Amino acid sequence: MGKGRLEAFSDGVIAIIITIMVLELKVPHGSDLASLVPLLPVFLSYVLSFVYVGIYWNNHHHMLQAAHKVSGSVLWANLHLLFWLSLFPFATAWMGENHFTALPTAMYGVVLLMAAIAYWLLQQRIIAVEGHDSLLARATGSDFKGRLSPLFYIAGIALAFVQPWLSCALYVLVALVWLVPDRRIESRIERK
Amino acid sequence: MGKGRLEAFSDGVIAIIITIMVLELKVPHGSDLASLVPLLPVFLSYVLSFVYVGIYWNNHHHMLQAAHKVSGSVLWANLHLLFWLSLFPFATAWMGENHFTALPTAMYGVVLLMAAIAYWLLQQRIIAVEGHDSLLARATGSDFKGRLSPLFYIAGIALAFVQPWLSCALYVLVALVWLVPDRRIESRIERK
Amino acid sequence: MGKGRLEAFSDGVIAIIITIMVLELKVPHGSDLASLVPLLPVFLSYVLSFVYVGIYWNNHHHMLQAAHKVSGSVLWANLHLLFWLSLFPFATAWMGENHFTALPTAMYGVVLLMAAIAYWLLQQRIIAVEGHDSLLARATGSDFKGRLSPLFYIAGIALAFVQPWLSCALYVLVALVWLVPDRRIESRIERK
Amino acid sequence: MGKGRLEAFSDGVIAIIITIMVLELKVPHGSDLASLVPLLPVFLSYVLSFVYVGIYWNNHHHMLQAAHKVSGSVLWANLHLLFWLSLFPFATAWMGENHFTALPTAMYGVVLLMAAIAYWLLQQRIIAVEGHDSLLARATGSDFKGRLSPLFYIAGIALAFVQPWLSCALYVLVALVWLVPDRRIESRIERK
């Protein structure tokens, strides 16, 4: 089974997710600077989520480049990842419109955490198809960032009930770490 | 006539359908747990519909892999399927926002039933082009799941006026049965 | 210049147009049959527009299959067509929500007319690139349906101010005529 | 790393942006001509933005045709461009609904300016990968339009606080200049 349609479908869903998030930036009725101020937290959470969805698209792109064929379970592991990504617009808007209060900020972390787990599951399914000796298996062997991120998300979820801004700082930090694309796979492809 | 654009267009429409359903998860104004509670039935119906649309994409993917060319009538049978799939967001939101009352739950079953019939019609049109001796014709010869599902949907529609939760149980059951991808086609491709 | 991305982009835009029209089917607050009744005209106009957008996608598909390369002016003629198609959701919802009153029904005809003109312009631009001796030029030489449709749309626009239901009958009639895919191009490709 | 998925993802995002802008054309409740009048500025700003997004898609198409491979930094420069394009629907609706008052008109110019800068950055990243001797580097060597446009946007932003209609005139002027597709790259490809 080819991976072309899996990539195309994922691209479509991720493109829609990243774009409809902007619909939560409701056009204000006034036309002065004061009417823009309440939008600032919504805008900031939009930027953060845009970067996160961008990171997922980027890494998804890299991961599937290392894959050669997909099985039925890969298709479903991929849909599972897309499900959690599809909750980004909701989680982003809820956090932004409530100005980063405790529960919405924790919930945002839960969505980040579940997406990370779904991504890891997808990776495991692909490795199961490709073989444990495959490019992807070796490239992610010492998956430092992948293993650390969930810990940061869990810390962020817990901290949200103490000081939500600390959670946001953690979410931003993880995003910055991931902004560097997954060079492990890229470099292994080149070396080969 | 190639099937590439048919796949790409279907992927696009299905990707949008699966994603805009999440827009019905309206962001609540409060930021406490109580403000999330009324969203729970909407969320559950979203999960169910996400799985159903995922199943359709999955099976559509498999069916078109077994096809080699498409005719004008295949294009229209495909658009007919996409039409019923496009009613999923409406049916999902109506059922969820009314907390699974009788008529919306029955209507959800009607959309499921019409989509199943449209899928079967599309399959027949493709077999008509491919020939009754083709891979797809043989793979779907004893289409057990495909023949049983409509009966369950009809039962679900009827039961909605007695006990809607039984309808939902039936819809969930059919979804679980279909979660297993269509191995018939896959295995025949491999055997060939 | 290849035509691949032109097709992909058009598929994307048309897929979104055909899908977001369904968002105008606002989920009713009640859950009885009476709350569905006011949606009926919106639903009927949705079905009509779904068929029209489907026809455009179908014919666009056929036309580009007969094309081999695209120029800058083809790209813009294509965007011009997509612009008028993008007004379908608005025109559809306005006509449906006002229960087919005069002005919205006439406006729907205007959008149909402009889309038909834009399609014809795109066809001329492609023929200009392909040559007047090309497959497409010969296939559309006696473009009976293409020449007649605008006359029906104009009649529909005028009749809307007398009896809007007659306009709708005309719009439905033209849609039915076009439902038959453009066999001219298909048959010529086969004959070749 | 191939450029196929980068093109497909960009096409998806741009297709969605260009289409969801039309959702800001809220369907009026009345059905007479008077109820359409308040939509006119929203419609005009929609037309302008449709043309701008069309220009970006067109030039993006041309630029990537001259590219052969993409690096991680190209992926992020591309996402950065898509981010600013994603703000078009918001900026368009805010300007249109406020009938081209000062701040929204200036803000529209800011989004145009940032998108232009993001496009230039993406071009630089691609040239860095392709080499300064590449087709793209030579084709954009005397990038007259690309260098002039930001100056016009800045002038438009400043003028918005004096006379917003002058800003709009500038924005329209730049759009008209860009409507001519980027023949530099096209002609160089042909000459080669």
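When the chains are written out, they are named A, B, C and D in that same order, and each has its own residue count from 1.
Assume contacts are C-beta pairs under 8 Å (C-beta built on N, C-alpha and C of every residue); 3 or more make two chains touch, one makes a residue touch a chain.
What you are looking at is a predicted structure, and each value in this text was computed from that prediction instead of being measured.
**Q** For chain A versus chain B, which are copies of one sequence, does the interface use mostly the same residue numbers on each side, meaning over half shared, or is it different?
**A** different
**Q** Turning chain B onto chain D with a C-alpha fit: angle in degrees, nearest 5?
**A** Fitting chain B to chain D on C-alpha positions yields an angle of 180 degrees.
**Q** In whole angstrom, how far does the Cα centroid of chain B sit from the Cα centroid of chain D?
**A** Here chain B and chain D have centroids separated by 37 Å.
**Q** Taking the mean of the CA coordinates per chain, how far is chain B from chain C in Å?
**A** Each chain reduced to its C-alpha mean, chain B and chain C end up 26 Å apart.
**Q** On chain D, where are the residues touching two or more other chains?
**A** 8, 12, 15-16, 20, 23 - these are the residues of chain D that touch more than one other chain.
**Q** Going by the contact rule set out above, which residues of chain D touch chain A in the complex?
**A** It is residues 1-2, 5, 8-9, 12-13, 15-17, 20, 23-24, 72, 75-76, 79, 82-83, 86-87, 89-90, 93-94, 97-98, 101-104 of chain D that touch chain A.
**Q** Where on chain D is chain C touching in the complex?
**A** Chain D reaches chain C through residues 7-8, 11-12, 14-16, 18-20, 22-23, 25, 27-29, 31-33, 36, 47, 50, 54, 57-58, 61, 65, 179-181, 183, 186, 189.
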